[in-house]
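Dropping the structures in below, format is structure tokens.
Consider the two complexes below, in which chain A is the common component and chain B and chain C are the respective partners.
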Partner chain A sequence: MALTEIAAPAPMGLTPPSRVQIARTKFLKYGFGSPLAAAVSVLVFALLAYILWRFVDWAVVHAVWSRDNVDQCGHGGACWAVIDARHRLILFGTYPFEEHWRSTLAAIAIVATVLLSCIPAMWQPARLAVLWVVGFAAYYLLMEGSLLGLQQVTTDGWGGLSLTLFLFAAVVLLGMPMGLGLALMRRSDMPVVKWFALIIIDTIRSLPLVTTLFTAAVVVPLFLPGWLDGDKIWRVILAFALFFACYQAEVFRGGFQAIPKGQVEAGKALGLGYWNIMGRIVLPQVFRHALPSTINMVVVTFKETAIVTIIGFFDILASGKTAFGTADWAPYYIEVYLFVAAIYWVFIYSLGQYGEYLKGRMALSER
Partner chain B sequence: MQSAEQLRTRVKRRKLIVQGTILIITVLAVWGAVSNAQYNLTRLNMTSGFAFLERGTGWNYSFSLVERSINDPYAYTLFIGLLNTLFVGFTCIVTTTIFGFVVGTMRDARHPALNFIANVYVQIFRNIPLILQAVFLYALLIHIGGPRQAISLGDVAFLSGRGLMLPGLNVSPWVAVAMLGACLALAIGLILAKVTLWRGLAGWLGGSVAMIMVMAVSFRPEGANLLSLPELQGLRFRGGVSVPIELFALVASITLYGSAYIAEIVRGGLAQVPRGLVEAGQALGLTRAAIWARIKVPMALRSIIPPLGNQWIFMMKATTIGIAIGFSDLFYITVNSISQSGQTLELILLLMLTFLAINYSIAIFTNWLNARLQLKEH
Partner chain C sequence: MHRVLAASAMVAASLMAPQIALAESATVKQIEERGTLLCSGHNGSYFGFVEVNDNNEWKGLDIDLCRALTTAILGDPDKNQIVPLSWAQRFPALQSGDVDVIIKATGWTMGRDTEQGLQFSLPYFFGGAQLMAHGDLGVTDVAGLEGGVICVEAGTTIERLVANYLSTEGIEHDMVSYESAAELRSAYLANRCDAFAAWGPFLAVLRATEIGDPDAHVILSDQLSAEPIAAAMRQGDEGFVDVVNWMLSALLIAEEEGVTSENVNDMAANPANPRVARLLGVEPGMGERLGLRDTWARDMIAAVGNFGEIYDRNLGKDSPYKLDRGLNNLWSHGGVLYAPILD
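And now, the complex of A and B:
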């Protein structure tokens, strides 16, 4: 729609209309321009207001907040007492109670790693690699504990939000180089290498994630000699990372396609070898082009970690279920699910918005 | 200094060595895995092979579209699982595509209220894991309670903790299958005849309704009503079509989640239609609805179909979360079969091959659809 007719040519000496003014004019024009439009607006906003009011009434006005007032629960309001009483179980799973500070710090380490990687100054492969390895190592040392001289807690004891964050960080950290490797192999001019990557990528992408993880957890041990068996969680993480890598390889492929062939040829003409051409000319641009889609993949991965609850891991979804699993708390499952959903939502929404912001920024810089 | 010829041979030799190494490592790994599996299986006293498919299962599961009994052989039980997966998958593909187009169009609309509500919907449902939505919805539904506490939807449909009761046509299952087949055949025929989008859709809807009515009237049992309405009698509902609660929760949650994604695809497609085309429509005095139906959607479809096809494939794969709420899809049946029969390798192989086949079929279909819809080059 022509903005000029909304923001009419300003007479000399007057400021152009602000964004708010433009938005308000548009709102009135399109929302209340005709009787039908006005009726729809009134109906929709009234409905939304009603839903919001009912929700606030339930979740805030009539809610019970403290676990000391549990007896007042069940009178038409939310019983947030269940969160008050069970939040440690939801966040940390069965991790030893006195050691919860370690789990908290470890989770903060992962979140800080993700936040730091959002700063453009960190966008160099070496810096990102160091950041993620350090963040991941901090998490592992804190949670496992024996190397820092703390009480040892094996991976069986990890759970809740901490476990979800751990799976997420491990999958991204392992999957990113694997994805890059697969993408490079797929572009190779050696047929065996190319087909090897193609078959792996296409097969994994065709299978549901649950089947891949289930295979890693249950079927793969049959194929492995006992000494290679390892911990179930690591097998699942490796399979998850492979899944991530196959999708990420496709993301990188899109990035490769954006690089003109002439650049590689120019590199060859200068006598540069394969690794020099890739490392100094092609990949830096590929990373830049693939950045928005990569963030999208990272967001999807965070969301998909919830799948591991099916194959028996005690992630935040499973610990949430346990939180209302006792007879006392069973009626308040809605509160617990909302709490868990809110945690997921905050992480996924903010990462997604950041991705959108980057996309817009890059679209501007390419103009 | 080496000559160019020497350099070329060296590069060639190096490539051969790299490929040979990969081949050898792959062969060794496969050989090691197979011999390990054989060793492990003999140690566990397991016989490999597909003979177990003939054996009866002896266990029950939640849902089937066709007759089943607890003594069915594994092959038949797995077939039912496949049927359930396809059924849920295709139902979700249809519901998400329709709902996604509606929401996507609202996202593209300039009406602030429609735009806002569509945006809120997409942001909520796209940013919460599907499995969480499914178990949450399932928990909400089963807490409604038994048929006596059922929520009445205009007294023709009822939602209770056991399931959704819908009014249905009074026909035998085989007639229902024939109806579905007829509608599908009509759809394929219309696409093959290259009928334009809206005329094709209208023709398909009209034709399908007509065929269903004719079949319903001619195959109705003696003396029965044309429609069968669910009615509360004592402790349960009689009549109508009963949708088990697991099936309803699964389809509803996949639909809510998938539609949010498809809405974004549709919005992106609509936004990509060149401004000049829309302005040309305005210059010709077309109404906004006509511009949407005759210019925007047909143009947008070309950029919508490829990502839409990926979303359809995702929907098929998403049916596997049915296991979290006890719906007997193919994955659920396979996992149960593995724990009961122990034939892990064979069953996983079957599962993977089936999903590969399903996904490739959808991919081939969307490629074909895409080729049909592409602008004819002059």
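And now, the complex of A and C:
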């Protein structure tokens, strides 16, 4: 008896209203507070419901799902048969058909590398270095294949989601330390170092990404000796990472400027060296201040990887276009674009959510 | 010492010059050492010329020509690597050695031929401005459009070509210009134009892909222009140009003589005439002069078929595009394609 008495709910007036209750009250107050508001709300909701219903009707009810039924396509419903027939082209580009398991594993390796890099326990230079070397080596060995005794696939054959993820991860993971280095150099007391960083940052930032990548892919091999120019994909990743680093350096600079000079001076007064002041006082705060813009940069970079199509790489968007680039599938480009958009959304939304988590975590440390 | 060696090598080379002209080209040698021919692909799809099938394999007219060249040089149509290239990238990629040859719907222009240091093969395709009209008008040529409304994209070379052609032929018409290709297309589909003008293969692609009922539209037979499409190679390797030219010529000769991928072995066993015997390597002469095997053309036709088969499969009657051969037929069938003399 005594137990039930204790567990009994407290009187209503004492508990704070739940979020749902607040939302409902506000919804009723602002949405249906006056006859006009109610009329507008009903109209808007009816319109939204109609659009949603039309979409579901097209995308689900009247849709054709299997490539075997492709002859039923084109009668008012979505033709997902194009995805059924061409999804491997979208996901893997022109990678050899029988070897797709390798491309799948390689993509998983990259995603795992990125996920692990996101865990705070991994944030030590040595751990990150090992993780990245292992992750990228796994990707390269699987995709290229000849070192594992598998059929060799040169980088011309890499493509699709697998390539987009690799480009993104390589650019961000290489570009982030480069950006930090440039930002530190830019703040250096030594004029040579400072001006070097300034010139690089300002030059690269004043060139369009397309030009930078085109130069790296096409122009550089014309004057570099053959043994130095390597594969096109590495030149492109380096150039893209440098481009990312220059923008990221400016993001970090904003973070540096938010820190009062007194903190560095206090560190010096305590007899701390440069690396101690940077590592223990300045950088942790810089990262916190720079976080929102950094997440923004990372998201933009994920989408910008699509630009590599102009130098002949089959990123996921280019392979999507190729998927409807044949007379049989040409009418169903909307379905392909929606499929590609959904894939982009999953990755970019996850990145955004991770950013929110980081913000929450860093806000805790400020309390 | 080195100088003496170099000088004597040069003397020896000049003495042997007649034989060297017969020896294989540097590019062909490189391809043989590599075991792979590097061909140009596209960074996506270029309908009819470069596409990717459901098994992630390249296909199309240009891809088939690359496969033909691969078979001619290496004996196996699959020993090539298709390097995806954007339009802007193709010439630098050729110069830097990323590809051995560009077979990529590339027009033969003076600038490319001279300033850009390229060398072109015989044209293998002639694409030009053509008009497409609604099928229910019952017209088959431009003269039938007398008094009609003809739409073009504003400010393009095609606009000028159409205006010139119609005034030369004395055909009364109303010409309407649209700012973009998309507007032009929807105006035509909304019946605001009787006909509209664009690049011939583009019209065929449009008819096959974006129009509900392909049979309801006719591509008119008049060719308003003819831009030669040819394979492009680096300047300075005449031996390789010879190989590419004779690859294309052999495909045309095979079509003239009725040699197809199906009957090539029967024809080789029992050649109808000396020309076929020479073509298929039954009589020597085909291989040695190019630095290839005597049976290269036979292997090639067995692998990809003659020019007509390649055309029909990718752009013509056996493809979804159903683009008439038109100019791209043999000279003996009203087209402009011909092969040099096989002596």
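Convention: the second predicted complex is superposed on the first by the 310 of 367 C-alpha atoms of A that agree within 3 Å, B and C clash if a C-alpha of one lies under 4 Å from a C-alpha of the other, contacts with A are read in each partner's own complex, and residues count from 1 in each chain.
Quick note on the criterion: contacts are C-beta pairs under 8 Å (C-beta built on N, C-alpha and C of every residue); 3 or more make two chains touch, one makes a residue touch a chain.
Since we're looking at a predicted model, the values are computed, not measured.
Aligning the shared chain A places chain B and chain C in steric conflict. Looking at the shared chain after the overlay, A:77 reaches neither chain B nor chain C. By the touch criterion defined above, A:232 reaches chain C but does not reach chain B.
With both structures placed on the common chain, the touch criterion links A:208 to chain B but leaves chain C unconnected.
Once the two complexes are laid over each other on the shared chain, residue contacts for A:30 go to chain B alone; chain C is not touched.
Contacts of A:222 after superposition on the shared chain: both chain B and chain C are touched. Residue contacts after overlaying the shared chain place A:125 against neither chain B nor chain C.
Residue contacts after overlaying the shared chain place A:309 against chain B and chain C alike. Residue by residue along chain A, chain B and chain C are tallied for touches, and B comes out ahead.
Only one of the chain C stretches 42-50, 60-68, 78-86 or 186-194 carries C-alpha atoms that clash with chain B in the superposed arrangement, namely 186-194.
When the two complexes are laid over each other on chain A, chain A has residues 214, 218-219, 222, 309-310, 321 in contact with both chain B and chain C. By the touch criterion stated above, chain B contacts chain A in their complex at residues 15, 18-19, 22-23, 26, 32-34, 36-37, 40-41, 110-114, 116-117, 120, 123-124, 126-133, 135-136, 139-140, 143, 313, 317-318, 320-321, 323-324, 331, 335, 338, 344-345, 348, 351-352, 355-356, 359-360. Here chain A touches chain C in the complex through residues 85-86, 88-89, 92-97, 154, 156-157, 214, 217-219, 221-222, 232, 309-314, 318, 321-328, 330-331, going by the rule given at the top. Chain contact summary for the complex, chain A toward chain B: residues 1, 26-27, 30-31, 37, 40-41, 43-45, 48, 189-193, 196, 203, 206-211, 214-215, 218-219, 222-225, 303-307, 309-310, 317, 321, 333-334, 337, 340-341, 344-345, 348-349, 352.
Within the complex formed with chain A, the residues of chain C that make contact are 41, 43-47, 51-58, 81-86, 88-89, 92-93, 95-98, 205, 208-210, 319-321.
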